[in-house]
Structure formats: C-alpha cells, structure tokens
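Both complexes shown next keep chain A, but they swap its partner, so chain B is in the first and chain C is in the second.
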Partner chain A sequence: MRESHIALLRAASTEAKLLLIGIPVLVWTLLPIYHMFLFAISPKDSAFSGKLWPDHPTLRNFGIVFRQEHYFLHHFWEQLWNSLFIALATGALTLTIATGAAFAISRLKVKGGRTVMNLALFTYFIPAAFLAVPMYRTMGVYGLLNSQWSLIIAMVTIATPYAIWVLKQTSDNLPVELDEAAVMDGASPMQLFRLVYLPLIAPALVAIGTYAILLAWNEYLYAFLLLSKDTAITLPVALGNFLSADDSPWELLMTTGFVYALPPAAIYYAFRRYMVSGLTAGAVKS
Partner chain B sequence: MALQTQGKPTREFRDVTAWDRLKVNKNWLGLWFMLPAAAFLILFLAYPLGLGIWLSFTDARLGRGGEFIGLENYDFLRDDPIFWLSVFNTLLYTSVASIIKFAIGLYLALLLNENLPFKAIIRAIVLIPFIVPTVLSAIAFWWLFDPQFSIISWSLKKMGLITANIDFLGDVWNARWSVIFANIWRGVPFVAITLLAGLQTVSPSLYEAATIDGATSWQRFRFITYPLLTPIIAVVMTFSVLFTFTDFQLIWVMTRGGPVNSTHLMATFSYQRAIMSGYLGEGAAISTAMIPFLLAAILVSWFGLQRRKWQQGGDND
Partner chain C sequence: MNQFTRRGLVQGGTALGAAAALSGPALLDWAKAWAQSAPWKPEKGAKLSMLRWKYFVQSEDDAFVKLIDAFSKATGVPVEISRESYEDVQPKASVAANTGTGPDLFWGLYSLPHLFPQKCVDVTDVADYLGKKYGGWVDSAVKYGKSGNKWIGVPICYSGALMNYRLEASKKAGFSKFPDKTDAFLEYTKAMKAQGTPGGFALGHASGDANTWVHWCLWTHGGQTVDASDKVILNSPETAKALEYAKALYGNMIAGVASWNDASNNKAFLAREIHWTNNGISIYVAAQNSAKDVAEDMDHAYFPIGPAGKPTELHLMYPTLIMTYTKFPQASKALVAFMLEADNFNPWIQSAKGYLTHCLNAYDKNPVWTADPKTTPFRDVAKRSLTAGGLGSVGEKAATAIADFVVVDMFANYCTGREDVKGAIAVAERQLKRIYR
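This part shows the complex of A and B:
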C-alpha cells in the first residue's frame, strides 16, 4: 500500500517535470518550423498578420512552386533533381569506397591499414570550412569546376573517413570464427566479402548510406562554392539566392523550403533505428 | 593447396594467372580494396590540404597562380583589426554556444533516459532541429529575427515588455546573441542524442546498488553517471566545439558576417577574403590560422579517451 503510494507520487512528480520541461522544449524546437509552415499555407497578403493560424489556409503556394510560376522558381524541378542525383551518387560512392576499405582493414588485416585508418580519422577533424578554399582551387586544377561531379566528389571525400571508421568499428565486432568457418569451407576472400561480410554489416551500411545522402542533400557551402549555373545548382543554393533579392517572396521561399525539408525528415525517421545504433557504434562501444 | 586440388585434377592444366593470384592472395586483394579510398583521400583531401597551407604562403588570386611570399599574408593579418575581430567572434561564439549546448543537451539526455510518458514523441521532436537542413533553419531564424515582422518582438510587445521592435540582426551585440541562439537551437539534438546513447550503456544495477546504499539523486549523478559518461562527453564536446568553431552556413545565410563584421567567424571571413574578394592566399592564411585551435580540440578529446583506458583498467579502442 505504502509502496504504491510512493510510486504514485513519483509518477506525479515526473509528470510535473515533463510538463515543466516538455512544453518549453516543444515551443523552442517547433517555433521556427511552425512559423515556416504557417507561411507556406498563407496567402501572400496575410502572411505578415502575426496570427497563430491563417484565416484562409491555402495550398496555392505549393501549386505555384510545383508549376514553377515565379522568377526564382523557374528551375525548381531541375534543382530538386540535382539535389536528388548528387545525394544518391554520394551515398552510393561513399558506401562502395568505405566498405572496401573497412573490409581490407578489419578482415584482411592489410599491412599499414591501421595507419591509413588513423590518418582517415585525423582528417575527420579537418572541418569542411577549412577545406573550402583549397578544394575550390583543387577542383579548378582537375578541371571539374561547375560540374556536378565536383560536388559529389567533395561530399564523398568528406563522408568517407567517418564512414570507414564506423564500418571498421562494426566489422571488428563480428566474430573471427565466422571468417574461419567460411575459409574452412573453401571460401575465397571475394566470397567471404560477398557472402559473409556484406550481409552481416548490412544495418551499418544502411546507417552510413543514410548519413552520406543526408550530408549531401543538406550541403550548402560546397554547393554554393562549386556550382554556379542556375540549372546546375542544388535546392539549398537556390533557396539562398532568394535572400539576395530585396522583395523576396517569403511565402514561396518557405513553401520551397518545406518541400526541401520533407525528404530528409522522411528518410531519417524511416531509418532512425539504424541511425542511432549504427552511427554511435564506434563511440559508445562498451 | 595440394590437398584442395586433388579432387579436381583438371585444375592443374590451367596456368595460374595474375587474376587467380589476386583472388586468393589476401594482401593483394586488400590493396585493391583499399585503393579507391586511398585514391580519394590523397587526390581530394591530402592534396587540397597541402595546397591550402601552401596557398597561405603565396599571393595567389582567384583565377591566377601565386608567387611564394613567405609570411607576408600572416604579417598582414596580424595588423588587420577585422581579422582579430573575427577571432574574438569565433571564440565567443564557440565558447558560449558549446557550454549552453552541453548544459541543455545533458539535461535533455538525462530526462529522456527516464521513463516518461510520450517518450518516443518527445525524442522525435527533440531531433527535429538536427534533421532540418541548416540553410532552412537559417532562413527560418532570419525571419524570426526580422526587424519588422519578428514574431518574438510581436509577442513581447503584446505582453507589454517592450514598446519598439528589437533590431535583432542590425545591432552588433544583438546580432551576435541571435546567431549564437540559432546555433544552440541547431546543435542541442546532437549533444542530447549522443549523450543519451551513452547513458543507455550504464547498467541500471549500479543505480540500484547506490540507491540501496542511500545515495541521493545528485550523488548518483556525480559518482556513477558522470564518471561513466566522461569518455563520451569528451567525444561529443570535441565534435561540438569543432562544428561550432568552423560554422559557416548559419552565419553566411543569416548575416553574411554583418553588421560591420560583428558576426564574422574565421570561416566566413576566410571565405569572404578568398572567394568574394578574390585574395586566395589571404583567405588560406585565415583558414590555416584555425589549425592551432583545432589541434587543441583534438588533444582534449585524446586525453578524454586516454582517461577511459585507465578507468576501465584494460585497453580498448
């Protein structure tokens, strides 16, 4: 009887704590997002009224964006496609390169593999902003400026060290006995890679693929730096260009932004099980 | 080898090609597997990195190569008040934002680690700022901080706290606090979620034992949670500091470094000098000046990880 009493009290106190903390957190996180959403569903003239819900919510803004009916939106679909293509290519390339390297280091125990690994880890401390200027010059040297491949390559380069690290950490946790059993059965290293290794690290591959895709999809600095043609830029750069005008069509900017934010949110929530366990595998391994 | 081929005598008649050797030889295969990663890292990471440091010693401009001029760029920067202003801004931005992000993130992580109702929903909401693309959050904040239509000014006015709109991004100090606020908003989920992952590895039996011994909740945090969490705190804080220190996108979209350079970070300042004004050499020198700070961050994390070794008495990587 007494115990249930205490449990009840404790439950009440956690609930109070929840309300006390939960509501500010909710307001704090959702305010900018909600504000954006409000713009997207408001007609042009009532967007500035400061109301919590528009008098006449409308989907007209989405129609204008999808039909590319504004000066800033003439290449909307093309830019969306650019973002998609660059993100997917980055994901695929990162996975290919990092899986190979992680397999070589962790399972084939290549000589010097650990050194390469540590060097790769060190590069993880080199921030994107530091590399931006020399990367611009480098792409010029290789003749890749204004080509979408320059952005894909830059993104793969930034994603790869982390990808190798996570995948290597994951494969180190796989029991060696599996490899030994496969070799006993006469598997060549190639078969070992295809039939034993890849299926086992599949969850980590999902996490890394998602990570690389989101990284490329969200990238602004390099996209802004390396691409310049209206038909070649990605959606975030196009959004940034909105701001350079004095009379920005805010409701359209926010609508486009909303469309741009939906795919990463969907991907993230679909794969979040893999994301949290996969990406922190290295950091929280006990 | 002899044992294997006994069953299939036909094998002996075929020459062993280089391809065959490659398929069986672990080291060869390993090299091939490493090659793409190595090529990428050398061509697109090591080369630009070296180039960046080299450029900082030249007078290169956009569109033409430069001559070696020694430390001239650095000498010039030493006397450039805007450079020192950007260093000050960067340090202020990084230290204030990192400390607050850590405090809020740790608090949220501890809260989410308890058994709360609607935990899944709260966790999903906490993650939102992390998922929204940076440019978009910058735009959303730009609007929240708009001098005329800011919803913050509007609600404060309705509450009767202020009479005139706040000029968030037009005033030197207001602009600094505003961008710091936006950075905190964006950075908290990363800290909270990673610390939460760390908290979940702490065995509940430790807390039970401590509770039986009569430990208060503060003691449980101080003597169980905190020591066990130290390694992951070190990692999280290193990355948090690194990301904040090198922030570019948020500032560039919101203020472009203004008003009167008061929100220029070293990263945005470097970009402005190198790409907008075309002085590649000088921009590279500003970037290179970031290295000592980054090294300091690596050392902090390294010692954090070292500590984990002696704490657990064994070696782990």
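This part shows the complex of A and C:
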C-alpha cells in the first residue's frame, strides 16, 4: 500500500517537473506567434498599442494582403507561388536523388558507395552560410542568378547529404531477405527499387520530403543572395523589403508573415507522425 | 509626324525652369535624339542589369521605370531592374564585387563605391559631363563620388533628414519660428515638454533617425570621431559637451526613446504623441494621406546650429556605380547619364514628393521645391550635408562605424545613465579604434 503510494507520488512529481518545463516552453514558443497574430488583426493606428487584445479587431489586413493593395505586396501571389514552387521542387529533387543514392549504397552495395556517403556528409563540416558566396559565384557563371533554379539547386545541395544519410540508415534496417526473395522471383534492380524498396521506406520518404520542403520554404540567406527581381524572389525575402522605409507597415508585414507561417504548420501537423518515426528510423541499429 | 528636330530636342532637354514632364511619344523622341548625340555609344548586343534600393513611394518607382523604358527603346539596350531594401544593397554589391559576377550597376547607400574602389568603372567622364551641364556638383557629392582624382560613382540623390515639428504647439510654447541655434532649441524642448507637447529623437538602433541626429549633435559641438587622416579623436572636451547637451535634451523627450527604431517617431508623431522629432519627409507624406490635420499643422526645419557655427547635418546619400566586370561599360555610362538628364530627372524627382534631393545645383529650380513650401527645406539638404565619417574618409570604416551604431550607443549609454561621460566615450573610442586600425 505504502509502496504504491510512493510510486504515485513519484509519478506526480515527474509530471509536475515536466509541466514546469513544458509550460514556459509553450509560452515562449507561442508568444511571438500570438504577437504576430495580434498585429495581423489590429488596425494600423493601434498596432503598437501594447494591448493584449485590440479594441477593434479586424480582418482588413488580410484583405489588403490577398488583394495586393499595398505597394510592398504588389507581387504577393507571385512570390508565394515562387516559395511554393521552389519548396516543392526542392522536396521532389532531394527525394529523387537521396532515394536513388541510398538504394544504391545500402541495397545494391555499389563500389565506393560508402565513400560517396561520407563525402556527402563531410559537406556539413562547412556551414551552409560559408558556401553562400561560392554558390553565388557558381550561379553567376552559369547565368542562373535571378532564376528560381539557382535556389532550387542550392537547396537540394544542402538537403541531400542529410537525406541520403537518413534513408541509408533506414534502408540498412530493412531485412535483406526481402530483396533476395524478390531477386529469386526474377525482379530487376529497378523493380526491386519500385516494388519492394520504395513502399518499405515510405514513412522516411515523407519525413525527408517534409524536411526538404520546409528547409527551402524557410530559407532566407540563399534566397536573398541568388534572387533579386520582385517577380523572382520568395516571400521571406519580400518580407525583408517591408523594412526599407521608416514608416514600415508592420501590421501588413505581420499579416503576410502569419499567412506564410500557416502552410509549414499545416504540413508538420499532417505529417507529424511520420516526422518522428521517419527521422529516427535507423538511428538505432536493430 | 515627328515635330522635333534632334538638336531642338536635346536643347529642350536642358531647359530646366519649367521641368515639364515629357511623356509617351515625346519622351521617346527626346530619348532617341539623346541617344544619337550622347558621348557614350552602347556596345552591340548590350543588355544591362541594375540593382537599386527599394523605393519609398510608388510614384517614384513608376517614373523611374518610365525613364528606363524610354532608355531601352531609344538605345535598344534592355535593362533589368531588381530592387532590395536599401540596407541590403551593400552586402549584395560586396558579394558581386568580390566574385566578379552580378548586376552591371548598383545603386546603393552612402559610400558604397568606396568599399571596393578598384572594382568600380572610372566614371569621371559621366560626372564631368553632368557637372558641366547642370551647374556643378554639391561638395558632399564630390566627396562621395571621387576616389583620388577619379570618380568611381555617380551621386544620384540624397534623402534628407530634418526637424519635423507641430506649428500650433510650438507657437503656444512661445516659438513662432523653429529655433535655429542649439541653446534656443534646448529651451524649446523644455517649453514643449512643460506644456505637455513633448518630442523625441530615437536613441535605439534606428539606422536613419538615430544616426542623423547624434552625428549632428556631435559635430555641431565640435566633436569628431576621426580626423582627416582617419585617426580616432573622439575623446575630446567637445564630445563631452555634445553628450551633456544630448542628456539635457533627453530629459525633455517623451519616455521610451531609448528603444525607438526608425518607425517609432513616425508612428508617435502621426499619433499626435510627439510634437517634434527628426525625420525625412515620410511623416508629412503619410500625414497628407491619413492625418490631414497633422499635415496642415506641421512643418520642417534645419537642425539648429551649435558652437561649430555652421550646418553639421548628415543625410542619406544614394550613389550609383558600375562594376568593372560589366561587359557593357559604355551602355552603363549612357544609362547613368540618361538618368540625370533634366528631362528625365525633373519629373522623376517631382514624383518622389521630396523624399529625394538632387546633387546637381541646377535642379534647385525644380517646382517640387516651391509648389509646397513645406518641402522647400529638403531642397538644400545635399548642400548642407557632411559625409559619413565627418572629417575622415568616406570608406568602409566610416560606413562600419555608422552601421555598428557606435556614436548612437555612446549617446544612448550616457543619456540613459548606463555610463558616465568618460565611460560612454571610452566604450565608443575602443570600438572606433578597432574599426579604424
């Protein structure tokens, strides 16, 4: 009786400790988002009132953004599309390259595969920011500056090594007997890849695809450097332009930021199950 | 159909007084005539790209696009324009200069060409051509544009930062005219506060507003960050006097200025919370749209003059430069010259509503400066402006000192009581010595 009491107390204490950590973390995380939302629903003249809730909340700012009625927002839909296109293209290309590489290294055991993977991982020794200027130079030489493909290529370069590593680890954990059975049944390497390998690593593919999409969606430095034209830039870079005047429309900046933050939140929410399982699959060898 | 002769058109282009805006076919005809007679003949197959700062007002960009379009049609040179927030032009220009690839022309802030003078095309011929034709360059423009004996950039315009004040409240406080001396200004701020109509200067990291007023305050009391040979000379009795003066002003300001950014004083002025501050013309333009009573009851004035006995203002310069890696230097030069020709520049600067001020003396006659007397003070900001770095050079070091808010922080540290006079100066001096070593 006494022991069960102690166990109960211990569990309650652990939960209390978790709550003590969790609540501040939750507040810390949500406070900026709340502020962003507060600006978004505040009229221009009361955006800085410091109140916890505006006296006259309005959705007018969203209307201005969606109808592109401010001169900082004249290309809003185009820039949102640029972000979407670049993010999706980055996700698709990263998955294509990484899946093929992981399959070749892990399942086909190609010669030098391990070296290739190590070299790819080695790129992470150099911070991505350090590669920005060489990347700019390279894109300039190939005439790709101000082209969305320059950013897509840069993002794929950054995302692929990690994607290969995760997918390779996941592949290593798949029973090799499945491949052997398929080969016994006469499957070619392509059939093995398409019919056996891809279905088995689907959760990891979702996780890696989401990772690559969000990486490109949130990118600023490379997007800022490689793209300049109003019609070519992504929305985060366009948001930076809001600060080019001393009478910046903060309420519109925050509204646009809020709109931009919604798709990643939705993507993460939709795939949260796969994110954890996919990214940790293969982290511990069975 | 063409009623214009080439000579007549080019001559007409120099007629400044009326500053009548050419448009449509007339602008194109003039542009074609200009292209034929201009000293710079674009290379065959030339195409240009230019990165400029993001416009403050849509009408300015519309006029700019129109003149670029006329240039392209007249010369056959397509020009691709990209825009960045004005503080972001410099990093992009630096990357382009160091990698040798990127836009052919950059139009940025302050001393941009001096960050990489060897990478800038010598544009002495363009500057001389324009200077001779339009009454010469103002002194500060020459300092920003020249490196040694050659011009490495062409100063396009300034963005002025002046005193903004409410008329009625000032009168009520006993000042029918805005004070033009620092002692009187201190009295003014005291009287304004006493009657419940205070003002304020930004003491936070406000790139434009904070830097302009603290440099004015330092210089007008005889203080300097560096001497003509870029030796740090901040630690002086004059700097201490400037700090004491600023602290007295700070006591008469509205609470919270230590955290102000560039937008804070605009917001406070338009919300009728403050009645004097320093700013460009943006408060006035915004007030005309959204707070007409404020627009009617406000005006602009120069910064008061202190012991230095002469204007010591710092305004934002916008120079343009051509990169040496361009394959089309002649086309680039033609474009820069074309931008500053009267028939283009006059309507363009008019469309900027006073945000931009010319650096060529002849443009004083533009009607934008007289149509509304409240914009008139902005006409002379180029003539009154000192250059970034004061007595020192206008290179990377001066730009870094401004970007790092060294002088702003010195004033903020003392005014808010974080440091005493010696401590505030010592911190800033240490930072400056690191920058200028």
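Quick notes on this structure:
Everything below uses one rule, namely that the second predicted complex is superposed on the first by the 258 of 286 C-alpha atoms of A that agree within 3 Å, B and C clash if a C-alpha of one lies under 4 Å from a C-alpha of the other, contacts with A are read in each partner's own complex, and residues count from 1 in each chain.
Criterion: a contact is a pair of C-beta atoms (placed from the backbone, for glycine too) under 8 Å apart; a residue touches a chain by one contact, two chains touch by 3 or more.
Small disclaimer: the values here were computed from a predicted structure and weren't measured.
In the three-chain model built by superposing on chain A, chain B clashes with chain C. Once the two complexes are overlaid on the shared chain, A:N218 sits against chain B while remaining clear of chain C.
In the superposition on chain A, A:S228 makes contact with chain C only, while chain B stays out of contact range. In the superposition on chain A, the chain among chain B and chain C reaching more residues of chain A is B. Shared-chain residue A:W81: touches no atom of chain B or chain C.
In the superposition on chain A, A:W250 makes contact with both chain B and chain C. In the superposed pair of complexes, A:W149 makes contact with neither chain B nor chain C.
In the superposition on chain A, A:V133 makes contact with both chain B and chain C. In the superposition on chain A, contact is made by A:N241 with chain C only, not with chain B. With chain A used to align the two structures, chain C clashes with chain B at 59-67, while the other stretches in 41-49, 59-67, 95-103 or 293-301 stay clear.
48, 133, 136-137, 225, 240, 243, 250 are the residues of chain A that lie in the contact sets of both chain B and chain C, per the superposition on chain A. Listed in rising order, the residues of chain A touching chain C in the complex are 44-45, 48, 71, 133, 136-137, 140-141, 145-146, 224-225, 228-230, 240-241, 243-248, 250. Here chain C touches chain A in the complex through residues 49, 51, 53-56, 58, 61, 80-88, 92, 95-96, 98-103, 206, 208-209, 262-263, 266-267, 270-271, 279-280, 282-283, 286, 290, going by the rule given at the top.
Contact residues of chain B toward chain A in the complex are 4, 23-24, 26-27, 29-38, 40-41, 43-45, 47-49, 51-52, 55, 60, 107-108, 111, 114-118, 122, 124-129, 131-137, 139-144, 149, 151, 154, 185, 193-194, 197-198, 201, 232, 235, 242-243, 245-249, 252-253, 267, 270-271, 274-275, 280, 283-284, 287, 290-291, 294, 297-298, 316. Here chain A touches chain B in the complex through residues 14-15, 17-18, 21-22, 25-26, 28-33, 35-36, 39, 48, 50, 96-98, 100-101, 103-105, 108-111, 113, 116, 119-120, 122-123, 125-138, 142, 153-154, 156-157, 160-161, 164, 186, 188-190, 193, 214, 217-218, 220-221, 225, 236, 239-240, 242-243, 250, 253-254, 257, 260-261, 264-265, 268-269, 272, 276, 280, 283-286, going by the rule given at the top.
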